[in-house]
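We call the chains A, B, C, D and E, going by the order they appear; numbering starts again at 1 in every chain.
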Amino acid sequence: MSGYTSDPRIRPQELLPWIIAIAAFFLLPEYLSLGARVLVYILFALSLDLILGYAGIITLGHSAFFGLGAYTAGILGAKYGVTDPFLQLLAAALAAALLGISTGAVILRTKALTLLMLTLAITSIVLEIANKASSLTGGADGLSGVQVAPILGLFKFDLFGRTAFIYCLVALFLGWLLIRRLLYSPFGAMLTGIRENTARMHAVGAPVYWRLVLVYTLSATMAGVAGALLTQVNQFVGLNVLGLEPSGDLLVMLILGGVGRLYGAFVGPVVYLIAQDYLAKQYPEYWYFGIGVLLVVVVLFARGGILGLVDQWWQALSRRSSSARASAR
Amino acid sequence: KIGFITSYSGLNGNLGPYMERAVRLYIKEHQKELPPGVKIELITRDDTGPNPDKARQLAQELVVRDKVNLLAGVVFTPNALAIAPIATEAKVPFVIMNAGTAVITTRSPYIVRTSFTLWQSSYPLGEWAAKKFKTAYTLVSDFGPGHDSEEAFGKAFTAGGGKIVGAVRAPLQNPDWAAYMQRVKDAKPDCLMVFIPAGKTATAVMKNFADLGLKDAGIKLIGPGDITTDEELPNMGEVALGVITVHHYSAAATRPANKQFVADWKKEFGQNETPNFLSVGSWDGTALIFEMIKQQKGKLDAERSIEIAKQWRFDNSPRGPISIDPETRDIIQPEYLREVKKEGGHLANVEIETLGTAVKDPWKELQKKK
Amino acid sequence: MVASALETQQLCKSFGALTVADHIDFRLAPGARHALIGPNGAGKTTFVNMLTGAIAPSSGRILLGGEDITKVNQAARVRRGLGRTFQITSLFRKLPVLDNVALGIAERDGVAPRMWKPASKHKEIIDEAAHLLATLGLSADARTPVQDLPYGRQRLVEIAIALGLKPGVLLLDEPAAGVPSQDSGHVLDVLAGLPPDIAILIIEHDMDLVFRFASRITVLVQGQVLVEGAPQEIAADRRVRDVYLGEATHA
Amino acid sequence: MILYVISVGLSVTMGLMGFINLAHGVFAMAGGFILSTAMARFGLPFPLAVLVAFVVVSAGSIVLERLLYSRLYAAGELAQVLFSIGLILISMALARLVYGNLAAPVFLPDYLRGQVHILGRDFPTYRVFLIMFSALLIAALWFGVERTRWGAMVRAAVDNRAMAQSVGINTRQLFMATFALGSGLAGLGGALGADILPVQWSYPFEHLVYFLIVVAVGGLGSLRGPFVAALLIGVADTACKYWIPEFGAFLIYVATMAILLWRPMGLFGVRA
Amino acid sequence: MPDALRLSTVRAGYGETVILEDVALALPERGSLAVLGRNGVGKTTLLATIMGHTTFHAGAVFFGGRQVERLPVYERVRLGIGYVPQGRDIFPSLSVEENLIVAARPGKRWTLERVYDLFPRLAERRHHRGNQISGGEQQMLAIGRALMGNPALLLMDEPLEGLAPIIVEALLKSLERLLAEDELAVILVEQHAKLALQVTREALVMSRGRVIHQGASRELLADPERLAQLVVAQ
């Protein structure tokens, strides 16, 4: 995947997620609101995969951008009467990008645990600000009354979540196209280089640090858009979009799906959120036991996440079939 | 069909069961009063804590997919606020059984609250304290309800001639209270008003209060009932003795309705279990729902249900006679002054005085005056 | 033409109390074939690390093509034409050999930050990389991940990356270490075939290689330049024999 | 401030062994519950109950290490993160099942209650005791790890497992013992701290951030680090809450950022 | 005289991949063996297999009369095998001295002092951390570390790489002395065939995971053409 020796054409199986999503729209109309949530998280996870899976930046603070995007859209919609959804998205993207570039420039010189803690500190500080600035954000009560005008003046966000689902799906599709393009480009190859061997990348003349800031900002922007989508779908923003918990959840989802594979960001949230939703309905007090077991099992038996496991099976299968072919000859 | 949303997991996941148990207990005991052929189906959902988007998704599904006639539950204010538009849009009555921020009921005409508002306890507390003490210090958790409590107490206390010598807001997740206690100690107030969310943090506060010798320094610890919830008292131990709180409910109250309630609770869930104010809010909320069902013979209409709620009086609540304010759809209830005492070898919130028998939400009253 | 491709003036470095570079004045002439030798721990790697900017000198100046680059960071030095190989192989282990080289070429060409056109459509980069691999006899391994190559071939990839940067000055830290003596000749041929205007500084303990390759040798001992001269002079120098070459000179 | 006793255990597993063990709080929680049970159910005196907590938790952790952790030493940090989060979730559900919703009650013996008078100010006795106790603990550990061959062997095994075996170190046994020590210390910390940080099923998650901060600020691979960091953060936090309570919640994060930007490896870190 | 080490029809590799095919060799006590061959023929894999770092598929390894191929690595070390790995593998966060101490095993011949005598440089750098010494110093440390275990058999994978000629000379001399005086057997993998042949009694040439020649070192040394032919053969 990605790099100078890879084929950038879209393979048939890459269309699978989109086919499934469209099928879900028609076949499971009652689950669209969960569906929209899942789509938002996929976009969010994609943005994380870009920096974690490809550039090797580990973070527990990605919710800072998600949350900032969510609040930017929310505040515009609730307090300033900016109700056009695209304007809200744009503003959220800008705000998140700004935060991304300014924090990235400070923290990206560090690595590993230190970086992890710095990112965590940033999102915690943003969370605290959101809590304190209750006149703007509603504080712990959350920001309600977010107005979102119908999309293109035509499609109103309905109770069934149809508009929300399609809207998020389109946004995700665009985001995916963009990231995919990026990953197959020389820039993507360069990111892989940084992840594999940073010292070497310095030694071939790459301004590693600035490149990291750039990709961090891109990722932040995307996370901001995802946050804004969540606000628009819910017409509400709560403090839970910030802080350790959403970042941790996201990280878990991505690792669960498989890091650095692009589609891990699809599989992870789908499995995690649906498992959570299902288990929580069955065992509201103990559902996380099931999630815990899922995580442990995945770690023990599927290094590289669920997609890693699929890969292994696929390889075993094709090896067997090719050896069968060989022996047939 | 009732869609019941509360918090079973996350840091405050212990709260949900108190609510659900009360609802189930009420249904179990009163099932036979329902009109023939009517059965209540309770669909429980976990919103995982203060998590409005999850709550909203759940409410939406309950309405759209499960086609519930009523929504109920909710521990946290943001979740209630996020659900409010859905109640409005889908025209589904929404009975709030805990979330206590004053504004909630204004957000949808379909919301009825059977729990409390923080103003209801903190304001009378302030009035009462003003008569006993000259100076007070307030310590609250830095979030919506904390701010409410601080403001309500402060307003009442100063209106009654007292003086707030200091106010401090602590982070919601705060493991160590020593610094705050030292600060309070140095300010030497007559009393310290504390509000923090119900649970074990309260225990930590109590222990710190005692460890740093504030009690010995003659400072009285007071607060809304959240700081000495009945189930936490055993964990606090001796240090909680003498703490004065104002609240609408105490498991130790001697009203027959309450004695019955507590006894049934213990029988159902075990001798070591005690109901708390979340249970009572939910119990009474369920009573209200039963009333709606009975009056409409099982066919629920949203507007009618709300009308019924507005007229509702319930004299037999474990907390005493309560009713719903027809103007605000908020609860009207008695407030009690309690002190932590030892009763039969156990600590209990003993009601020592009734501060008001029909307290409306003071915040809404003040808003009206403006 | 400038007088020196690379030059240091009074370059010093110490780690705590230990002085590893002691006022080194060093000149690398344009197109030079220069070797740096010296006992273990003399400070050769440290010296190269200062030249490339991997570590900062305690004092002194470094000039590249006459310009002061003492404060310039590592990546920028590379862009100004200073290439290197590592004593301990440092490659993109999981990536194919071709990508290893292409990443460097893309940086040199300024293609690396492009985000739209797929990398595999950048034919100019790929062709150049493939050509380079061919000259080093690595064509067959182009698509093999580096980590699956035997150590000796990895050393060649190391050199290929450096060459892909088309440096004006090339610093080689023990390029033939781990390459069997039969094959080190091949490495030597590759180096000999480089354009004559590239100045090369090589660190090597294999004296066969050093004396065949270098036209000038500097001997570093305890952070100081002991002598500098033509290979014959060095081989004959008593002091160099005492501290470094020993009796069994392989020259 | 109890955090450091708990975090010391973490600096053994995480710092010394290099395992990103976010589930550290699980062992601390277990320690707390065991203490509570030992005192309430079996009527053990406090010091003995603390000892029991230490022993039982280490013993239990050996089982976990053999069954699960040992398979993950070589795995990447992401796998370790995922695994330990999974473990946290499982243990929370189990703790809730067994101990119910409420915090486990812990009552200190009278000789540890009250205040002591030092330098004209009152300090809670128990806290003073804790600080002194952990200082002793650190001194002992520091001597054990940084001054003996055992410590060097652990560090060698972490640096390069295969090579450590090649010089005759039984890494399997060594890691098991070290892990048991780290977890046992967590259990000890959880037990000692139960009075200040009440032990409840949600414990492992609640304090996770604080543990991480202490270890990151202290620096990986160092034992003094977390101790100093916990003390520093504890004192700074307390002081700031006292002087400028408005910024209480920001402080700990701002301080963490400042220290980490100033010293990216932590105060005493040897490994990034 | 019993063999110090004997391998019979060993098949081993990494996971499923088999690198060594049917390798057999015998090394007498106090014997010395040079292993030659081009890059990637499996020399390192051979030593790693004797240590126990590879996946063992078939065959047997005897050390001092005991069958050891199923023993864990550290047990073999405790029985008396010392290892100088290719690439040195110094413990970076340990000091030079700690690197030596962790490897110490009881035995009379090698102590810190003797290692420091052999490499005075290490004594000067004793408090430096493993990653704060030069490449050559690391190489010396790797050798010293292996000696600290007081091995009966020493496996050395390109131990001369990166060492200054004068050190190489000293090292070879002391190696010869060790072989003469101590009860030590040595397997030496080396790219510099000539040097390796000079100090060893026996030599072995590998190609693609197999042994293609085994004989006295002297013979090969005397016949450079045959040597070149064998080593280049692939």
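Here is the rule we use: a residue touches a chain if its C-beta (ideal position, glycine included) is under 8 Å from a C-beta of that chain, and two chains touch if they have at least 3 such contacts.
In this text the structure is predicted, and so the values were computed from the model without any measurement.
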Smallest number of contact steps required from subunit A to reach subunit E: 2
Result of counting contacting C-beta pairs for A-C and B-D, higher pair: A-C
Mean-CA-position distance for subunit C and subunit B (Å): 74
Chain centre separation in whole Å, for subunit E relative to subunit D (CA means): 43
Averaged-CA centre spacing for the pair subunit B and subunit A, given as whole angstrom: 37
Intercentroid distance (Cα basis), subunit E paired with subunit C, Å: 29
Junction residues of subunit B - those touching two or more other chains: 13, 17, 142, 171-172
Subunit E, residues touching no fewer than two other chains: none
Every chain pair meeting the contact rule: A-B, A-C, A-D, B-D, C-E, D-E
Of subunit D, residues touching subunit B in the complex: 1, 3, 96, 101-103, 105, 107, 113-115, 122, 124, 126-127, 195-198, 200-202, 205-207, 210, 234, 237-242, 245-246, 248-249
Of subunit E, residues touching subunit C in the complex: 38-41, 44, 86-87, 121, 125, 132-137, 139-140, 158, 161-170, 191-194, 228, 231-232
Residues of subunit D touching subunit A in the complex: 68, 71-72, 75, 77-79, 81-83, 85-94, 96-97, 208-209, 212-213, 215-217, 220, 249-250, 253-254, 256-257, 260-261, 264-266, 272
Residue numbers on subunit A that touch subunit D, as the complex places them: 58, 106-107, 109-114, 116-118, 120-122, 124-125, 128, 131, 244, 248, 251-252, 255-256, 259, 285-286, 288-289, 291-296, 298-300, 303
Residues of subunit D defined as touching subunit E within the complex: 149, 152-153, 155-156, 158-160, 162-172, 221, 270-271
